[in-house]
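Both of the next two complexes hold chain A, though its partner changes from chain B to chain C.
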Partner chain A sequence: MTTLTQAVRTSSTGGTKRRRAARVRVEARRAPSAYYWMVWPAVIAFAAFHTLPVLIGVFFSFTNYAGYGAWNFVGFANYVNLFRDDRVLAAYGFSFLFAIVATILTNVLSLAIALGLNAKIRARNFWRGVYFVPYVLAILVIGYVFQFFFSNSLPKILSGIPIFRDNILTNPDWAWTAIVGLAVWQACAFSIIIYLSGLQTIPAELYEAASLDGARAGRQFWSITFPLISAFFTINIVLSLKGFLQVFDPIVALTNGGPGTSTESVTLLIFRGGFSGGEFAYQTANAVVFFIVITVVSLFQFRVLQRREADF
Partner chain B sequence: MTTATSTPVQAEEALPAIPARRRRTSDDDDTRRTNWWATALIAVCSLTILVPLYLAVVVALKTPDQLVSGTGFEWPNPVNWSNFAEAWQRTNFPQALMNTAIITVGSVVFTLLTSSVVAYALARNIHRPFFKGVFFYLLAALFIPFPIIMLPLVKQTAILGLDNQAGMIVLYTIYGLSLNIFIYTAYIRSIPIELEEAARVDGASTWRVFWQVIFPLLTPMNATVGILTCVWAWNDFIMPLVVLTDPAARTLPLAQYVFQGQFNTDYTVAFASYLMAMAPLLIVYIFSQRWVISGVTRGSIK
Partner chain C sequence: MTFHPTRSQPPRRRRARRRTALAAASVAVAVAGLVLSGCAGSGGDGRVKLDFFQFKGEALEDFDRIIADFEAENPDIDVVQNQVADADTLIRTLLVKDRTPDVITLNANGNFGRLAQAGVFYDFSDEPVLDTINPAVQEILADLGTYPDEVNGLGYVNNANGIIYNEDIFEEQGLEVPETWDELIEVCEKLEAAGITPFYGTLADSWTGLPSFNALGAYPAQGDFFDRMREQGADTGPDSAVSFSKDFAEAMDQQYELFSYTQDGYRGKTYDDGNAAFANGEVAMLMQGIWAVSPIKAVNPDIRAGIFPYPATDDPDDRLLVSGVDVVVTMGKHGPHQEEALRFIEYLFQKDVIEEFAASQNMVPSVEGAELSDDPAIQSVAPWFDEGRITGFIDHQIPPSIPLAAIDQEFLFTGDADAALATLDREWSKVAARTIPVTGE
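On to the complex of A and B.
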């Protein structure tokens, strides 16, 4: 076994390309069969329950299948129709508006709270525990509590403000802000923990040196804290936006897409149209487009954010 | 050098100190004075977390008459406990709790047993084209949104007879694979390979090396993966919603959803039901708080 690991190590360090390739081939032959037995069942299961549904979805997106009965190939008709469908375009508009606002709010608020929780405060571990509570609550269930708050409590408490007095959830123009509130409320818990762990990687000596040089809190934040946690910032932004684009639970709990279809996200539309609207093929095409959109957005974000990271 | 005696000692050397404990020592330097402004601000902001929970409790303890008059935040007088009994019956709470518990425990157990094995095989052979291919294949799935799988998956699980609790366990185990392997592999590669070689010299097979040397060393990562899987499986709504067909198989979030649709004006009973659905994981969290937070931290940054 020792020789094997040595071969592995040398193969990664030196040798011409051809020799390395030859060695890799020899090693590949030598891999104990147990390793393959460890991996194959998982690969097969994953292919059967994850990749196969994806491929079936892509296949049916070129048909007019309603979810039952006979079907025919329709080529790219579903995809063309998607771009003419006002309801689909509105769902994308809502999802992006929601995701961008929620991502910004989540990251600003959680970074601020993480800074507070990282300061020398009383009962710090207790407060860290409190701020993480939303993470362990089902968002659908706590969402119903928020629904009561928005529709019954808030109108009575803020009866002087028209938007709140008339139940914000039934207001087509403002219902989305309530959904943002609920989603951010829950998402912050996880972001705070990630930022907090990022803040703890910064050595205290840096701040001491900075204060000796006369840098004040604001300057210290922009010159030390922010650059040093930028990797955590990238991860958080990408994950938040990806997660928020697929928003589902908070909408079901608060407005169920209403009033009308003003708070209908792409996921909710795919769910509704696909299961009860007889649009199986059409909404699968929508899901394929959604996948491409999410992948492009995520990769684009990574490139932009990582370039910014490198500047420091 | 036998594995049985060497493992515990080696384990402590191989593992980094538990972050929670290390953090406590580096944080609590007494050179800095308590920042009272930050403390006050953090305390005030935490009301945004505590007030909704308070609201859930007081509404659940009221009668409908008590609720109508106020904003919902007043403390009930007298306290009315009967909502819990009614919610217990109307949502068929014991069954929903049982279903959720079975799915969660099953998913956590299977996830820990399978993801770690796969990650081990991948981490130790990542230079081989086959294993590298598998690694990136699984990782790429992180980008695929659930809606794209959702519609075909429902057909598939129905045909295979997996539209039940067992099917949910299978799905959580498989769908968790991508992220879990990402979490496990980095950690496994930090475990010195000499530990395994020692066991192999003594004649242990690859499987035996894994279960007796590597798996015990993975305890911190097992905790992380276990917590993430537990919270996910317990609270998930969309997957049970589309996959489970039998009302008897309903999970807790699903029971609230159905319940809400049928009795949406009966707030006091509904809130008792919400509270009972939130309580189990909340109670577990209160008792294992620090452990949960440090576990999640490890999983998210490694």
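On to the complex of A and C.
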């Protein structure tokens, strides 16, 4: 017995010695410990303020907790009820419609503006500053300015057009376009910055060579500019769609979900139902589903868009 | 505060600024500490400290005055008023943490009813102060929900939800206050014939549809409509014994009819627009409540505005005034200073105290025999309170997760009553189906 264990022990120590030697060689190539002290605080903070609350939220989505008082486990009841709730489905429909339209508009507009701001125009830095201003302003502040604009100024300016005369924000069919207007106006600022930085990575020689070969501006854009900024295009599309799916403050500022429930986004529904509606657990389940939907959509976009990115 | 060597600012000034910032921060911390220590426990001079939770921002100064008078009469009690924003949320967190304030005022809405049902408030059944209060007011409170067989709150001041009318315009046109539905429509027709817009619609704010919905819906909701709806729960629908579709169709038609007498562009106007237009005499009536009288008088102090209940019936004697308890006074079920808290509450309900408060807040005092302010709007609704012909807001009975204001607003845009009522029924049964009661162990 003793001899056997002895044998095992010796053989095992021999093994670890060899393995340890290998590990030392790997560690020698690793960064000094100071860098760990930079990484750990962020990891701990992220876990404490993000991961942990998410897990707690997932936990409560399986209960009937009202936000206070006693509660029970209810299994998947909240999730089942979610898929039976036409108001929830309508909110998802609105969020996706809004996000797709706003993403397309934002990217078309901001790419066009970025091309202009990248060209040799007079007072270029001034214009770049001007286009960044919407991003600096607080959304609720602009929201109320826009609300005044839509409900008081536009009805007077465009009194000939019925939609605007009757205050577009109170029109169930068209109120969402006003929200798209505000959201795109503000989101463009950030997209322009990303596109500008992308455009500046393209060497000017390419354009010189192309123009020597007789390529016009349109051809230059489709054959040089667009392929070379496609990585920036991907990140812009993914970020825009994710951001617009979570649209909240422009709606609160302009219509507050109305008229009726025609501009109620998923986030607004979660906020309203969960906090003022007293259905904390039910809307937490909604939030979990929404989190999964957004993750899946974003990953899908990355796969599709990255496949057609040009390699440098 | 990263250091940028290229920055033009000399480092010494930067340091000086940082020092002042530090000093300011430490002063702030010290002040906060003083405030906090001032809040904690009872004072060192043997006076009992009452924590008074007060939700109504515009009543802050009134209560300051009341407390000063009370403390002068009761030198052994020190009342600390905590006026809070978003009281409904805060009181819930305080209750969860078991830090119930000694004396509480709240708006008597559905939220108050649910808290009362949870059994967190004191039972006032045997308190003599209860006998001084108008029983109809206590009835409204009881309808919101109580811990079984208890009285969990005392109604303090009430509002009135009716049609506000311009008395001058009515006199000029020789119109009487309408007492039946047909008379109301006749008044509207006569006003239109005289070139005066009868009502001002303000549907850009979705909630402004609710006052008329509450007032007209109060008639079909009499009796035990909502009790039966709650019993039905998830089975509510076109085939159930009671439902919105079955019982509310007439009320919805009436509401839509009234909105047909509003001005052009009523969809895009806000509550403030409506008050201003009424104050300037542009329209004869507003579908609002007594709470709108103050903002109207802010625009035109000389206006003579009265209120009458929505005469949704053919028999004038069946008319009801919808009233909500604007301020309810209560206290925690268990507290260390209940005897002192009751003394403060009894003081609040003394006639002269409540009269002054109600007059200042433009509300109707709940204590029987208390004088009302001579404001014509208040005077015009006084008889309804004296006769006890008041009833509560029905939207307090509808779960807050149903977007009632939005559904009603949409209905007033489209005019499709069947769709709106079907939506209400569907939302009601959905909420009932997913509301899973806490079963304990």
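Assume the second predicted complex is superposed on the first by the 266 of 312 C-alpha atoms of A that agree within 3 Å, B and C clash if a C-alpha of one lies under 4 Å from a C-alpha of the other, contacts with A are read in each partner's own complex, and residues count from 1 in each chain.
To be clear about the criterion, a contact is a pair of C-beta atoms (placed from the backbone, for glycine too) under 8 Å apart; a residue touches a chain by one contact, two chains touch by 3 or more.
Source: prediction; values computed, not measured.
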Per the contact definition in the header, classify A:Val54: touching chain B only (first), chain C only (second), both, or neither.
first
Taking the superposition as given, does A:Asn81 touch the first partner, chain B, the second, chain C, both, or neither?
second
Between chain B (first) and chain C (second), which does A:Trp71 come into contact with in this model arrangement: first, second, both, or neither?
second
Please indicate which partner A:Val39 is in contact with in the superposed arrangement: first for chain B, second for chain C, both, or neither.
first
Most chain A residues touched (candidates chain B, chain C)
B
Once chain A of both complexes is superposed, is A:Leu254 in touch with chain B (first), chain C (second), both, or neither?
neither
Once the shared chain is lined up, is A:Thr170 touching chain B (first), chain C (second), both, or neither of them?
second
First (chain B), second (chain C), both or neither touched by A:Ala102:
neither
Which partner chains sit in contact with A:Ala91 here, chain B, chain C, both or neither? Use first/second/both/neither.
neither
Overlap of the chain B and chain C footprints on chain A, residue-wise?
67, 275
Taking the touch rule as given, give the residues of chain B at its contact with chain A in the complex, in rising order.
23, 26-27, 29, 32-36, 38-39, 41-43, 45-46, 48-50, 52-53, 55-56, 59, 70-73, 114, 117-118, 120-122, 124-125, 127-131, 134, 137-138, 141, 143-156, 170-171, 174-175, 177, 193, 196-197, 200-201, 205-207, 210, 231, 234-235, 237-238, 242, 252-253, 256-257, 260, 267, 270-271, 274, 277-278, 281-282, 284-286, 289-290, 292-293, 296-297, 300-301
Hey, which residues of chain A end up touching chain C in the complex?
64, 67-72, 74, 77-78, 81, 84-87, 151, 155, 165-167, 169-172, 256-262, 264, 272-273, 275-279, 282
For chain A, which residues count as touching chain B in their complex?
1-2, 5, 8, 11-12, 24, 27-28, 31-32, 34-36, 38-39, 41-43, 45-46, 49-54, 56-57, 60, 67, 113, 116-117, 119-125, 127-142, 144-146, 148-149, 152-153, 156-157, 185, 190, 193-194, 196-198, 200, 204, 232, 235, 245-246, 248-249, 252, 266-267, 270-271, 274-275, 280, 283-284, 286-288, 290-291, 294-295, 298
The chain C residues in contact with chain A across the complex are 89, 92-93, 95-96, 114, 118, 203-204, 206, 265, 267-268, 270, 399-401, 403, 406-407, 409-410, 413-414, 426-427, 430-431, 433-440
